[in-house]
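One structure follows; several queries about it will come next.
Order of writing sets the labels: A, B, C and D. Residues in every chain begin at 1.
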Amino acid sequence: MAFTVSFMANQKTIRWGVIGLGWFGEIHAETLADMPGIELAALCTRRPQRLMEVADRFGVPKRYTDYHELLADPAIDVVGIATHINDHRQIAIDALRSGKHVFLEKPMAPTAADCDEILAAARQAAGFFMVGHICRFDPRVAMAKQAIDEGRIGKIVSMHARRNLSKTIGRAVLDSISALMGDGIHDGDLMLWFSGAKPVSVYAQEIHPGANKFPDGGWAMARLDSGAIAVIESIWHLPESTPYQIDARMEVIGTEGAIYINCGEAGLEMHDGSGNRMPDTFYWPQVFGSRFGILRAEFRYFADCVAEGRRPELITPDESRAAVALLAAAVESSHSGQVVYF
Amino acid sequence: MAFTVSFMANQKTIRWGVIGLGWFGEIHAETLADMPGIELAALCTRRPQRLMEVADRFGVPKRYTDYHELLADPAIDVVGIATHINDHRQIAIDALRSGKHVFLEKPMAPTAADCDEILAAARQAAGFFMVGHICRFDPRVAMAKQAIDEGRIGKIVSMHARRNLSKTIGRAVLDSISALMGDGIHDGDLMLWFSGAKPVSVYAQEIHPGANKFPDGGWAMARLDSGAIAVIESIWHLPESTPYQIDARMEVIGTEGAIYINCGEAGLEMHDGSGNRMPDTFYWPQVFGSRFGILRAEFRYFADCVAEGRRPELITPDESRAAVALLAAAVESSHSGQVVYF
Amino acid sequence: MAFTVSFMANQKTIRWGVIGLGWFGEIHAETLADMPGIELAALCTRRPQRLMEVADRFGVPKRYTDYHELLADPAIDVVGIATHINDHRQIAIDALRSGKHVFLEKPMAPTAADCDEILAAARQAAGFFMVGHICRFDPRVAMAKQAIDEGRIGKIVSMHARRNLSKTIGRAVLDSISALMGDGIHDGDLMLWFSGAKPVSVYAQEIHPGANKFPDGGWAMARLDSGAIAVIESIWHLPESTPYQIDARMEVIGTEGAIYINCGEAGLEMHDGSGNRMPDTFYWPQVFGSRFGILRAEFRYFADCVAEGRRPELITPDESRAAVALLAAAVESSHSGQVVYF
Amino acid sequence: MAFTVSFMANQKTIRWGVIGLGWFGEIHAETLADMPGIELAALCTRRPQRLMEVADRFGVPKRYTDYHELLADPAIDVVGIATHINDHRQIAIDALRSGKHVFLEKPMAPTAADCDEILAAARQAAGFFMVGHICRFDPRVAMAKQAIDEGRIGKIVSMHARRNLSKTIGRAVLDSISALMGDGIHDGDLMLWFSGAKPVSVYAQEIHPGANKFPDGGWAMARLDSGAIAVIESIWHLPESTPYQIDARMEVIGTEGAIYINCGEAGLEMHDGSGNRMPDTFYWPQVFGSRFGILRAEFRYFADCVAEGRRPELITPDESRAAVALLAAAVESSHSGQVVYF
């Protein structure tokens, strides 16, 4: 593993604008709002009412309903894109062409072809480009990667990842993206990262018990060119009573060892009048009014890269494309009923 | 659910003979040896040395190296078959034709065609016939089945079962049977039982990092005619240091609820000079010199059926055949790389 | 450890009468009702309506409102006593004098002095006498005891046991007995059994947030003559939403190893419209209409002892007295605020 | 709860010197070495060889063997003290008098009287003063505190905290401090913080199976003026094979709910050739060459307070003294065998 994460004192304040103010765009804003060395400088959404609401909440002066205007604003260094996935391609390309540094939420785009267009723009761009595969900043995940790279578990032979959510969350998101693409993208990325392998084939099945546009859950089984089997489970149909904020876990079995990551039971369980809950303590926990956790660490990393003029190496655009290609092929398999080969 | 488990006082002692004295045949013998109302009356294996060793251990007077002789012995009521799976078909048919009651270890046979031959013999047999799907006697599993039948989790949409073992165990067994067939048969059976559905298609992948004859692990993904996805994981390649006796768990997600069964972390964990272990406390735990647990409960059930002249309804031969058909198709898919349809 | 549990074929049916039909007396009856070799022959409670209700449920012909009449009935072999703890002493003594075999629920009696009177009667009795310390029949516990006796964890230095219940259960029971005495008796017994030691001193505190007669929870810290610290926690005040049927666990730390017993998370978790639950799968789980688990195993053991004319050695009356003495001293400490010495 | 954690852009680089370079002092240095806005400016230990070793590792130019010289250096803003607890009082007082901002490791000092002297110095000091009760920066803990302050679990009635370590760690530390004082200080602080109560009495027992100067483990039971029972367990005698980095958990039971914090099973488990481990992913995990986690968050907080001229409110010196008073009384009780009243 060649890269290192160094955090040297940043010389300048990074001015960050966020495009897209759905629930996660707002969490972007909330997290950025009190990070030292970062100024939450601008917000953008097509919905004026929502724009005002979020911008007022965080006292952001620059407010745009047309993202082109934000891109034209010279007082912005970084553009964070947290829109609907279908808008990723166009906005990312425009942002890259504007010369800004671009932080794009995952998945990069709906298809590998879309990703290729973004990649082409990124190669010619003056600014940096990174897709927000947040789990790479998770110590549990990163330490697993280290152990794998050190050879502690030998050669990987089987991996399973689960990332299941309450149907309450599912209903709020399933008109934008399927569960398999929406959350499977995390684990597809991690499995390729862990194994250093490429997919040979993938087969998938999805379920669609809900009334939203996209399937509520799916399973994908990939064969990697290393010989490993990689299985991804993403079901956004847990009961409302589920104590899990997210039931996310991964099992990596190698010829010499096994690693178990549990991101669902994150050290805090509450039983009270409202039932049982295991709140998020890792991703973007809200503690004493601020957002902490690995989303913050991810923003910190990108801001430091920008401040230091150092290209982000922890996640490369090619890797982000590979994860999309894997999951898009899984969705294709689910539709056709056939095994898809790469 | 129509059946009930009733335990009325048995009128007679059931005389039980065990054919096959591998590691599990010996556990059969050990369990039967001190069950009230059951007499461990005969043992049979082709290996004379092994026969003497086990028969001496439990003080069993009748000892056979030819199973036909055991079948001809009128002083035996029940024949338990714990041989290599490839011998199941012939021995089971012979045993059924002999008029004995037959308890056959799982899987019923290597193929559905073999099962059909056994089924034909069973239909004409005077004695009872049951395949030992032990997990059905597990309170954790049986209570899940009850909750499902009561409609507590609605309609099942996704199931996942894991049943992973140390490679130490794998090496001892993988010349007889693959991991996918050997342990997947448990979960295939349970998933069909839970859902009351039939498989429409199955796709599978296997890994073969070890030097034994059969693959060390496999994953199967079935689509059921109820619309549910059923995923089976069976990897007999956990590191020697694994604390798990067996890492067995199942997740059943329905439209109204979810059930999580964990048979791997069974309430006892020991950290000592020999490392960390989570001993079996459920299947056939050895406590103060005797074998308890659900293997014993399973034998109890079959013996009571015999004593009372009541046909076993908890597991039917057709159900056992269906589980073989599912797993055999999975193995076929693993070999061909194609989805197999039913 | 000298004793063994042998289960030889019992020659006769054991006729069992139950005195006391509270919630647990009824579970006694339900469990005994379908055990082979045992006949649930008689029931007794002072409440005629309750007597009819339970006796009708299980089809028990002999019904008594005066326990002396049950004791005088020559067609009863075993008397099980599941009454209020305050009635234990007199009924147990009368039962022992009647010549019956006596199975007495824990705790033996409220005080060590009461226990001594029972012990005196037991010494002169024709029948056997055993107090139902059910946890000794728990494979998780028994296997821990075996490992300790084998020296696997060296010399015990610290033990902690928790046995916490929902306040819903607490409210139903706390007019009869305190949490510390009611559930601490289990763990006090196990700790003395595990360590083979005697208490030197004990200090305790109780809490009484509820409106019932006895304190809802308590903590006791004992010093044993082996040098070990033994800490008992028993809180019957978990929220109504608790998923635990019982949050019961024990940690035993020795000079060479540690053992962790978890009886709270027993392998089954259900999330549905009624919330989250972890049902009992071990103590007396109700599966397909019958009661299984270690309560059944405990009755089996006592019935076999009676059938074979073999004095029960797994739990001795002196041990049961020692557990009462420990917990009664803890309650005394809680009242006085002083350390109590033995 | 009145305080907030705000992270405004810091105007200046904070120059930090560390006194004491045991294993934890080195982790201080390692963590500070790559924090933006902080300069690890000086190191101090009496051992010249150790000084050179650690200072070389992190490229620290200013190196002192006499802490008075470090205190006299005008190019240092913050002094971090990570020495032996017995040296805390004198160094902290000298540091406070020097005008530096002082970050002192926990426990504040061995006795409440020592704490009072430090408090007196702190009250007259120009710089800020904070004791490093790191757990307050743990999201799992902080979110529990929030829930308690929101009234979600009602009034606390019982608390238990465990913080157990391998005897390997114990042997390395037990000549400096006892387990009960060394780790119990964390939980004593948290319990007083959670409950907002004061101790009325405390009783404790310790065990001393090891060969080091201080007892290897201890239990303390306090009664708080709110009526709650608070029980602290700290055993540094787990077997070498323990998978726990630290087996740390806390249970808080209130009249309306319960909170369970598990800091021992922190989401990552590795089984490999070296056995089983659950590495630290929270406190100061080493990821890709840097130290992350809540130690870093704690330093960040103090540095920001200094940069902004804002007195630290998250942990007050009076609170740190109260935790010492509780644990020192527990140790006194352990020695005398008597209950100690406040």
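In this text, a contact is a pair of C-beta atoms (placed from the backbone, for glycine too) under 8 Å apart; a residue touches a chain by one contact, two chains touch by 3 or more.
All of these numbers come straight from a predicted model, not from anything done at the bench.
> Which chains lie in contact with each of chain A and chain B?
In this structure, the chains that contact chain B and also chain A are C, D.
> Superposing the C-alpha atoms of chain A on chain D takes a rotation of how many degrees, nearest 5?
Rounded to the nearest 5 degrees, it is 180.
> Express in whole angstrom the distance between the two chain centres, defined as the mean CA positions of chain B and chain C.
34
> From the mean C-alpha coordinate of chain C to that of chain D, what's the distance rounded to whole Å?
Roughly 42 Å, centre to centre.
> How many angstrom between the C-alpha centroids of chain D and chain B?
From the centre of chain B to the centre of chain D is 53 Å.
> Mind pulling the residue numbers of chain B that touch at least two other chains?
Chain B, residues with two or more chain partners: 153, 238-239, 241-242, 256-258, 271-274.
> With chains as vertices joined when they touch, what's the shape: line, ring, star, complete or other?
Graph shape, chains as nodes and touching pairs as edges: complete.
> Of all residues in chain B, which touch chain A in the complex?
Touch residues, chain B against chain A: 153, 155, 157-158, 160, 162, 164, 201, 203, 205-207, 209, 216-217, 219, 221, 223, 227-229, 231, 233, 235, 237-239, 241-242, 251, 253, 255-258, 337-339.
> Across the complex, what residues on chain D touch chain A?
Touching chain A: residues 1, 3-10, 13, 34-39, 139-140, 142-144, 146-147, 152-153, 256-263, 265-274, 279, 281-282, 285, 287-290, 292-293, 297, 304 of chain D.
> Name, in rising order, each residue of chain C that touches chain A in their complex.
So the residues of chain C touching chain A come out as 238-239, 241-243, 271-276.
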